[in-house]
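Letters are used for the chains, namely A, B, C and D, taken in the order the chains are written, and counting of residues starts over at 1 for each.
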Amino acid sequence: MVDVLLFAELQEKAGSEKLSIEADGVTVKELKKQLLSTYDLDNINHAMIAVNEEYANEATVLAKGDVVAFIPPVSGG
Amino acid sequence: MVDVLLFAELQEKAGSEKLSIEADGVTVKELKKQLLSTYDLDNINHAMIAVNEEYANEATVLAKGDVVAFIPPVSGG
Amino acid sequence: MEKNFWLTSEPIEINDVISKVVRPEAGAINTFIGTVREFTKDKRTLYLEYQAYVPMAEKKLQEIAEEIEVKWKDTKTAIAHRTGRLEISEVAVAIAVSTPHRKDAFEASRYAIERIKEIVPIWKKEHWEDGALWIGDQKETKSYKEQLPTKEE
Amino acid sequence: MEKNFWLTSEPIEINDVISKVVRPEAGAINTFIGTVREFTKDKRTLYLEYQAYVPMAEKKLQEIAEEIEVKWKDTKTAIAHRTGRLEISEVAVAIAVSTPHRKDAFEASRYAIERIKEIVPIWKKEHWEDGALWIGDQKETKSYKEQLPTKEE
């Protein structure tokens, strides 16, 4: 299982800030597909990806216990 | 009589922060000459001039009660 | 351990941020403070809400400071960012950079706020009289004419 | 009457300066703080002494704010400058400028400090281990290689 963190608009759309998903050994890209099949999260394709608090790309292969965060365009400051 | 204000190095050279000088009706340029004949104030020629708290030039004619300040190169901030 | 980069749900005290960068080697401190603006053109903001991915955001703030140290030598940086609900005029972000010379302080502080808007996982939701919206990318280097107004647009 | 431009022989509280420019129309506040630096290259400063032509200096600070209002619209500026003896790391000057957008805040604040160094009748005397000197013009736009080091050189 991996933890999936959602923020801002994505969090509201999913109705959850954290999901536990079976995605050990799969890529982030595949995880996104899986999420899109369950949740109305079109904007996830505009989000950056972080794995274990570091920016990562879609090709990253996930391991058990990883924390994947989808980072919509940021607007701090 | 006009009041003459001196600052920084000029004040130290003259040993005074304020002089009362008979200069009614004369120009600042003449006042400077008068000061140079009495005090060791060579650097007064590098000073800006203010009359009644506004920058002025050497040609300004002084009136009784005016306050003339000699402003060495500033170094605030 | 001294923490120079932090998110907080409490009001930010500017002095807490500035005091972290005061030092004998510095002759200049530049501080940038982002506050909640009430009007953008004619649109009135009621309040803002900031959400953050806190541990990653604090890490990214620290990375920005490290980037600054590479770009301008002998700098010290501290940054605090607020989370939660913010009323008009409250401080959303406070950046302080100290340097020996003033030019670097201005440049580094400006760099910090621009980088925050690029890489730090913090999101702002604007609440207006007629609705609310999570605001996207608001870097000043791009045009957002087609989007809703944001604090800095 | 609110005084937004002042000289003081007491330590400057940054918050006193910042609080004067906070307002609902502002989204950005830039603050520049000049502090007493201990070392300039290898030369050690023990302390500084600032002298000012106080009434004229306060008037000139206000004029700088008026210049800023002309150059960048919708700004609010406050400036405090210290006089007397200052120890290392003490605040010599604090400038705060609030604007709707951050770019203007940075530019206007930078303008303010440069103008202070041009037109405001305030003088600094540096005290080193081997002497003391009233420091002249120290605008960063000129070269002072031939002169003694100054805070900002």
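Points worth noting:
Rule of thumb we're sticking to: a residue touches a chain if its C-beta (ideal position, glycine included) is under 8 Å from a C-beta of that chain, and two chains touch if they have at least 3 such contacts.
Note that the structure is predicted; figures quoted are calculated from it, not measured.
Greatest Cα centroid separation from chain D: this falls to A. Computed centre separation for the pair chain B/chain C is 48 angstrom, with centres defined by C-alpha atoms. Mean C-alpha positions place chain C and chain D at a centre distance of 23 Å. Centres computed as Cα averages put chain A at a distance of 73 Å from chain B. Residue positions 34, 113, 152 of chain C are each in touch with at least two other chains.
Shown for chain A are the residues that touch two or more other chains, of which there are none.
The chain pairs satisfying the stated touch condition come to A-C, B-D, C-D.
Against chain D, in their complex, chain B makes its touches with residues 5, 7-9, 11-12, 46, 50, 53-55, 69, 71-77.
Residue ranges of chain D in contact with chain C, taken from their complex: 14-15, 18, 22-39, 88-89, 98, 100-103, 105-106, 109-110, 113, 140, 151-152.
Here chain C touches chain A in the complex through residues 34, 50-53, 55-57, 59, 81, 92-93, 113, 116-125, 134-138, 150, 152, going by the rule given at the top.
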